[in-house]
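Multiple structures are listed underneath, in structure tokens.
Presented sequentially are two complexes of subunit A, the first with subunit B as partner and the second with subunit C.
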Partner chain A sequence: MREVLEARAVLLNEHAATREEAVERCGRLLVEIGAAAEPYIASMLERERSISTYVGEQVAIPHGLNREAVLRDAVCVVRFPGGVDWEGERVSLCVGIAARGDGHVALLAELAEILLYPERARALREAVDVETVLKELA
Partner chain B sequence: MNAKDVRKVIVACDAGMGSSVMLAATLRKQLKGLPVEVEHTPVDAIPADADVVLTHAGLAARARAAAPGKLVIPFQIFLGDPAVTRLVDTLKKGGDLGA
Partner chain C sequence: MPERTVAVASRSGLHARPAKLFVQEAMRLGVPVKIRVGDRKQVPANSMLGVLSLGAVQGTVVTLSGEDEAALDALVALLATDLDADTEQGEARDE
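Coming up: the complex of A and B.
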């Protein structure tokens, strides 16, 4: 079985001028790796506009609402070292989610755990190599 | 509702895909050892045997409509929201949770 988080789904040096651009980058990546179909991106943007997916510690978890557009459970990690304004919060790491089952639950549980510890959260959002990200979220 | 009567806490969000999964994982850990089950579901699929429903403030109206008569506790932030902290404290120490 394929991993929920693949190395090619980790981008460490992206730039986004707006929250929409950042969410779109995550959605595009999920489409590129074959985890979601094109309409999923619009759904992610819609969800973000209705309720922010900011979860704290400069991390947001953009995801869509239309499971029909999800092809398999997958997560992407996109780092924005310059930060992105997220309705007044600063976001420097996005964990994009496409899920139709429970394949991503363990990874999100681990992320929740990391975010409880500021030091671990910082290590994750300041990671400069893919290996570190994969290891932290494994 | 009294804390000792709570058996199932539901974390509801719109898709049941992202934020509710994370909060449910954290709660499960915090409530470990108590006879309380924690599940995450979409806000429109709250199970009938839920005792307490935690949901984002923006979804509270939908949660109340989907689960009439249940105790719905809205929160604003995912990490360290006072409403969530209060719920965990009350479930651990006992006491009244409100209507």
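Coming up: the complex of A and C.
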């Protein structure tokens, strides 16, 4: 996953009052780093409303469905230390995904594999420096 | 233990949306069912992270195992259905 995650795509101290705000923050970041075009954000929000991207271990994986708005495969990691209510679940880490083709399936499998180890999931959730995040997701 | 083998029919594979529907059904059935790809490690069918970790794309053959054959059949039927079929042109639609 390291190839698609750069240091500037990691934010460790964000705040979001709602799930929508959190998804928008992730989408904005993907646009800022040049991985997606503006319309991708709206698609991420739409996807999230259709069915929650919560996967467990306080982690959600917002992503859009309009692949044509993806400029290159990338992920971003946004930490919300205060937590965000996600349809009754608490989310403290979002992994935003921009992927063309089937690339996201392999990415998701890789991420899920990591989160299946509770201690690695916790290390990610509680990371206070970018290096820790990059190391955990290497 | 009884087993069933089926190819994943959903266009987007067994990831976020189809995976969630599959996991929800496994939870609803409430009996232990494991799922694996080939000879790889099996994971509980009711674990979202476990199911996502399989990395199954459309056409990937998965094996379900469990004592409750009716539950296996129900889950096989779900996997054999294109769960993305109610979305058009990649656009999500509220259910």
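Definition applied: the second predicted complex is superposed on the first by the 127 of 138 C-alpha atoms of A that agree within 3 Å, B and C clash if a C-alpha of one lies under 4 Å from a C-alpha of the other, contacts with A are read in each partner's own complex, and residues count from 1 in each chain.
Criterion: contacts are C-beta pairs under 8 Å (C-beta built on N, C-alpha and C of every residue); 3 or more make two chains touch, one makes a residue touch a chain.
Nothing here was measured: the structure is a model prediction, and the numbers come from that model.
Peer 1: Let's test your reading of the overlay: on subunit A, do subunit B and subunit C clash or fit side by side?
Peer 2: clash
Peer 1: Can A:Glu57 be said to touch subunit B (first), subunit C (second), both, or neither?
Peer 2: Both partners, subunit B and subunit C.
Peer 1: Between subunit B (first) and subunit C (second), which does A:Glu113 come into contact with in this model arrangement: first, second, both, or neither?
Peer 2: It touches subunit B and subunit C both.
Peer 1: Which holds for A:Arg49: it touches subunit B only (first), subunit C only (second), both, or neither?
Peer 2: Once the two structures are laid over each other on A, A:Arg49 reaches subunit C alone.
Peer 1: Please indicate which partner A:Ala99 is in contact with in the superposed arrangement: first for subunit B, second for subunit C, both, or neither.
Peer 2: After superposition on chain A, A:Ala99 lies in contact with subunit B alone.
Peer 1: Would you check which partner chain A:Leu65 touches, where first means subunit B only, second means subunit C only, and both and neither mean what they say?
Peer 2: both
Peer 1: I'd like to check the shared interface: which positions of subunit A are touched by both subunit B and subunit C across the two complexes?
Peer 2: On subunit A, the residues that contact subunit B in one structure and subunit C in the other are 47, 50-51, 53, 55-57, 61, 63, 65, 67, 104-105, 108-109, 111-113, 115-116.
Peer 1: In their complex, what parts of subunit A are in touch with subunit C?
Peer 2: That would be residues 43, 46-47, 49-53, 55-57, 61, 63, 65-67, 102, 104-106, 108-113, 115-116 of subunit A.
Peer 1: Please name which positions on subunit A make contact with subunit B in the complex.
Peer 2: Those residues of subunit A that touch subunit B are 47, 50-51, 53-57, 61-65, 67, 97, 99, 104-105, 108-109, 111-113, 115-116.
Peer 1: Mind listing the subunit B positions that touch subunit A in their complex?
Peer 2: Subunit B reaches subunit A through residues 14-15, 17-19, 21-23, 25-26, 29, 56, 58-59, 77-80.
Peer 1: Would you pull the subunit C residues touching subunit A in the complex into a rising list?
Peer 2: For subunit C paired with subunit A, touching residues are 12-13, 15-17, 20, 43, 47-57, 87, 90-95.
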